[in-house]
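One chain, chain A, links the two complexes that follow: it is found with chain B in the first and with chain C in the second.
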Partner chain A sequence: MRRLGVLILLALSFGFAQKVHLMWSGAITGPTSDAGKYYAQGVEDYCKYANEEGLTGGLTIVCETRDDQYNNANTQRNFEEALERGDPAFLGYSTGGTLQLKPLIQEVGMTYIPASYHIGNIDPPNNDYVFLPIVSYSEQVIALLEYIAKEKPGAKVALAVHPSPFGRAPVPDAKKAAKELGIEIVEVQEMAKGLDYTATLKRFANKGVEYIVYQNVAGPVATMIKDAKRLGLNIKHAAAHYAGGPDLLRLAGDAAEGVIWVTSYYMPYEDAPGAELVKKLGKRYNRPADTLESVHYPSGMLAAAIAIEAIKRAHAAGKPVTGDAGRAAVYAEMLKLGFDPGLAVGPVTYTKDDHVGVDHMRVLEAKGGKFVPITEPFQSKLFRKVHYGK
Partner chain B sequence: MSYLLQLLVSGLVVGSIYALAALGFVLIYKASRVINFAHGQFIAIGAFTVYALVVYLKLNVWLAFGLALLFTALVAFLVEKLFLKPLVGQPIISVIMVTIGLASLLDGLIHLTPFGGGNFSLPRFLPEGGVSFLGVSVSYPQLLAVLLTALFLAGFGWFFQRSTLGAAMRAVADDQMAAMSLGVSVEHVFALAWAAAGITAAAAGFIVGTVSGINLESLVAIGLKVFPAVILGGLDSIPGAVIGGIVIGILENLATGYLDPLVPGGGTAEVFPFVVLLLVLWFKPHGLFGTEEIERV
Partner chain C sequence: MRNPWAETGNYKTSYRQDTAIFATYLEMLSLWALVALLLVLPFFLKRPQVFVLDLILVYSLAVLGLNITTGYAGLINIGQAAFVGVGAYTAALLAPSLPFWLTVPIGGLAGAVAGGIVGIPSLRIKHLYLAIATLAFQIIFEWTVGHSTILKQGGAIAMPRVEFLGYKVGYKNHYYFWYYVILLVVVLLAFAFRNLLRTRYGRALVAVRDNDRAADAMGMHPGLTKIFAFALGGFYAGVAGALYAYLSRAVVIEDYMLPVSIKFLAMAIVGGLGSIVGSFLGPAFLVLLDLNMEDLANWLKSLGLSYAGVDIASAMRPLTFGLVIVLFLIFEPRGLANWWRLVRNFFRNWPFKY
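The block that comes next holds the complex of A and B.
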């Protein structure tokens, strides 16, 4: 009888709990959906988990994942819909969508957490309300260059980047950092999807390239790595967050052995609380093995966790969490947010001047078909100097 | 010299894959004058069918390949019967819009399967490495691409030249009314052309999947990449599709090899073939081997 009473009470409290909507707009289909699909699942699952486990401070967070097909116009429509509904924060996705929306985000004062780690998202102008979950692409690539400079002083490096703002984002900072590190960036090659990269690789080899650093997506990188192996080239491969990970291993197979990769997230097979959470949620919500293996699943979880934490704290402070006042309250909480959901190698911290959540990353190396960490969590030494001049 | 040779050979290999993909496109256009914007989706269906049969049903890869050819042919056949047949005699723009809609529909259906997003890779069935000669290297999957393209070309060549059905298809391609008056079932021929296109699409999907992994977006992109190949070769010419595909493949590689170093960021392979295409079309508006139609008014 008592159990029934508790159940009724719980049901009632759930029914009467204030509902707060949180929208994610990203590519579940279309370009980059190989990442977006898992990212969306991460958002959905963390949201359900937070509601079920009472991590929402008595609120019911209604998460909605929308497929914008990597189309900025769709992202903007979704953003405007969330704004009109009175959502206090928005989870975005692409570099293009975020850069395009920045003036509007600034105008309406909506906290915006993209899946794109482009430094331009949080650089002026119109940068007050955009928050990166982890370190930027620029910092990732500079961290790789720092690692390379330590491993092979004076190394000759080529950058193979995606032909888009996403790919080009770290290039200027990487060039400055290479000068400081005494390594040579021999060439910057924009690299679209292709079936064969022999010509590019031969050219790199003729120029004495020893490392290729990728700011790209896994597909083209896998083909290039396989081609390099077939050609017998003595070139090492280093990948930024979206260029590496389990997807790369799946596509490149044995050729991926020895590839180094930088990311802030834990791998699901590691002994870490975040990795346990990934497994737990995947099991609870019947996600297939490929979801659990994907680094984009915890990425989506982290973005949702950040927004939910800020909403919860605003609510706990007795402030409204919807509409204009809700946006302002959640933003105020974002500026002093500090918590550790355990999904990445450091806590999430934001201030007015620091819009990067997890400030640390690790270098991992593909060994025996798995990415294993080969460094402790660290911050790039040079990034702030070359990007901000301090 | 070996650098140039490598670029040419790599271009030939990539071009063979484009040619194989373009073949199905031309088969449909040649028979029915329909430009099939959903060709990339058929390529994807072929690739994912092989993957599903090999990974989930643990079939031998060659058996899976054979079944995927049949399955994709069947899907293409049914698509023609369901969506294209009612449009016979309708303005060409309607038919084009239907194939664009079909591409979206098939995309959506594929997204309902586990293959919509994500990267997949066929279990390795070819030896590692490849063949080297004169300082040139070709991987076994790439070699397979060239062989399969040659095989399909020979097969379709024989089919069109020697078989009754092939002769009927050629007759319909030349003059539908005349073919019909001779008792050829044009509807039947249209559906068969789609089925044949499905077969070549599945073969192309299998090859792309073997060379660079299976991803819906990449496979669909290959379907779009055949456009410059078929326009260059001539929309209704099978040899033109092959030569167009190979020329585009070689131009891409030469651009990457020689033009990219001159252009900051490179990426000229995406543009250069189109520049050549424009120049060719300037002098040969119907492509290198396309039929020049003269309309008398």
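The block that comes next holds the complex of A and C.
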């Protein structure tokens, strides 16, 4: 009888658990949706998992993934709806959408976690409330240059970047870092929709380029890598987070062999708690194999985990977690957040002056159709010096 | 003597009556009733809903500009988003030092200058070739913004918060304030264009569209008329861009790229090319359709309608957008404006069917 009473009490308490809404707005269709759809699934699945496993501190987190079709006006509308509803935090997506929303984010004081790791998201002005889950694109590119400088001192490098703020952001820092490292950036080439990069690659070869560093998306990188293989060029390829990964392997096939890639996430086939979690959630929620293979699935999980942890801690501290006060409470928790969900190669830590969650990354190399780590987790030595001057 | 309030057909006895802005008193009354409704509408809506209204009005202005160039003057323009962008970036650069009531018209003038320049090729080329020239402008615009440090290489240029008569516009009243500003601008510019159509300059647009050689023979200057059409369309686009810059609080290149130009063209086609009413109906229809499809897609998604990794629910929105355009092109090339005309005629003749 007592057991039945406890069960009823538990059921009632679950039924009456305070609901907190958390919205993600990103591209499930449209440009970059090849990443966005997996990211959305990561958000959805981690949210369900957190509720089911009691990782929410007695709250019920209602996650909602909205397809903004990579359209900034849709992102803005979704953000306004979340704000109107009293959501304490918001999960964003694109570089453009985040940059555009920054003045509003600053004005309303909403914690904002984008999928874009553009350094401008957390640089002034209006940067108090934006938090990157992992290291910025700029830091990733500099880390690749540091690796190249170690592997081949004085190497000649070309940067192949996306023709957008997303692609261009790391270029000034990369140039400064290259000078410090004693390597030469011989050309910065913008590329996105080319069907054939023979001319570009021949030019690179004539200039003696030994490495191409990509800050791009996987599609154009795959085309260039395949063209380089076809031409028989002895050039190594190095990709930042969104330029590489399993998507690149799928698109480039054999040509991707030997490509190096920098990211903060574990691969699903590694022996790591985060990789196990990816497999577990994928199986539990019937995700297809391509979801489990994608690096964007754990990326979405990490973003959701960060927001949920901050909401949980604010609630545990007896503070409200919705409305104006909720936003302030969650933001206060973000500024002292430190935890390790295991999805990336380091813990998530934030302070008032550090809005980068996971500060570490690894270099991986494509071997036998898989990306395998070839370094231990590390931080860029030069990034802070070249970007912040300290 | 006929009663002007109970007019049920066209009884025009003078050229002056034929060019009147309102054909009947009832028409005038219904339009003012609509404006009155639009004035009170935000009081019944939440902030995100008012934002949707703002968007529809801004898009309408941009589509009206496109209609001037493409619908009325017959000059195909697939770079309208770039003209909108010219206005937006002009406003963004001037906003720190000038009030919005100056930056918005200056944004329009910048759009007009860009339109005038882009219109120069129309002196020699037309049809598909001209379309490619406007596409070239779109690409040049994107490239220029992407490589200009003053324009943050396409990254965000934040717009300052606006103060008007001591009234500070914050996030709670942002969309309401801009709704009324945009509504005022839209009403003024729509009336201005309607009025222009009654003048020889307006009629010249249509004459040049229908047959530029005949227009030339009748004493019009087809070349200047085409440049005028581009400049005027650019002005409307520039004003729309400046308003959108304030509305979205920041100017980012992605809002002014080729897919947005295609969207404007789709809105113009669905609304009805060469129609002022269509310039409003097209944006309203496509924006509201997308919202409703989003709700439907979310509902289908909640039912778990997905097979072998194909997310049917997510695919619905882009699919519907494409399908609607194709269906309109096949079954109603005159767009929603024609439906509006049929409904209006029905009530104009009602209850006498003649």
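Please note the rule applied: the second predicted complex is superposed on the first by the 379 of 390 C-alpha atoms of A that agree within 3 Å, B and C clash if a C-alpha of one lies under 4 Å from a C-alpha of the other, contacts with A are read in each partner's own complex, and residues count from 1 in each chain.
As a convention for this text, a residue touches a chain if its C-beta (ideal position, glycine included) is under 8 Å from a C-beta of that chain, and two chains touch if they have at least 3 such contacts.
All values reported here derive from a predicted model rather than from experimental measurement.
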* **Simultaneous placement of chain C and chain B on chain A, clash or fit** => clash
* To do: In the overlay, answer first, second, both or neither for which of chain B and chain C A:Arg203 touches.
  => first
* Have a look at where A:Gly30 lands relative to chain B and chain C in the superposition and call it first, second, both or neither. => both
* Asked: Thinking of the overlay built on chain A, is A:Leu99 touched by chain B (first), by chain C (second), by both, or by neither?
  -> second
* Once the shared chain is lined up, is A:Gln76 touching chain B (first), chain C (second), both, or neither of them? -> second
* In the overlay, answer first, second, both or neither for which of chain B and chain C A:Glu53 touches. => neither
* To do: Have a look at where A:Ala222 lands relative to chain B and chain C in the superposition and call it first, second, both or neither.
  => first
* Name the contact category of A:Pro163: first (chain B only), second (chain C only), both, or neither. => both
* Answer with first, second, both or neither: which of chain B and chain C does A:Gly194 touch in the superposed model? => first
* With the two structures laid over each other on chain A, which partner does A:Val108 touch: chain B (first), chain C (second), both, or neither? -> second
* Asked: Thinking only about the overlay and not a real complex, which stretch of chain B clashes with chain C: 20-28, 38-46, 110-118 or 182-190?
  -> 110-118
* Structure fact -> Dual-contact residues of chain A (chain B, chain C) 28-30, 37, 163, 168, 190, 288, 290
* Which residues of chain C touch chain A in their complex? -> 46-48, 51-52, 55, 146, 152-156, 158-159, 170-171, 175, 248-250, 252-255, 294, 297, 308-309, 311, 314-315, 317-318
* **Contact footprint of chain B on chain A as seen in their complex** => 28-38, 161, 163, 168, 187-196, 198-200, 202-203, 206, 218-219, 222-223, 226-227, 230-232, 247, 250-251, 253-254, 288, 290, 294
* Asked: Of all residues in chain B, which touch chain A in the complex?
  -> 3, 6-7, 10, 13-14, 17, 107-108, 111, 114, 116-121, 124, 128-130, 137, 139, 142, 208, 211-213, 215-218, 221-222, 252-254, 256-257, 260-261, 264-267, 269-270
* Once bound in the complex, which stretches of chain A touch chain C? -> 28-30, 37, 66-67, 69-70, 72-73, 76-77, 80-81, 83-84, 94, 96, 99-104, 107-108, 120, 125-126, 163-165, 168-169, 190, 288, 290-291
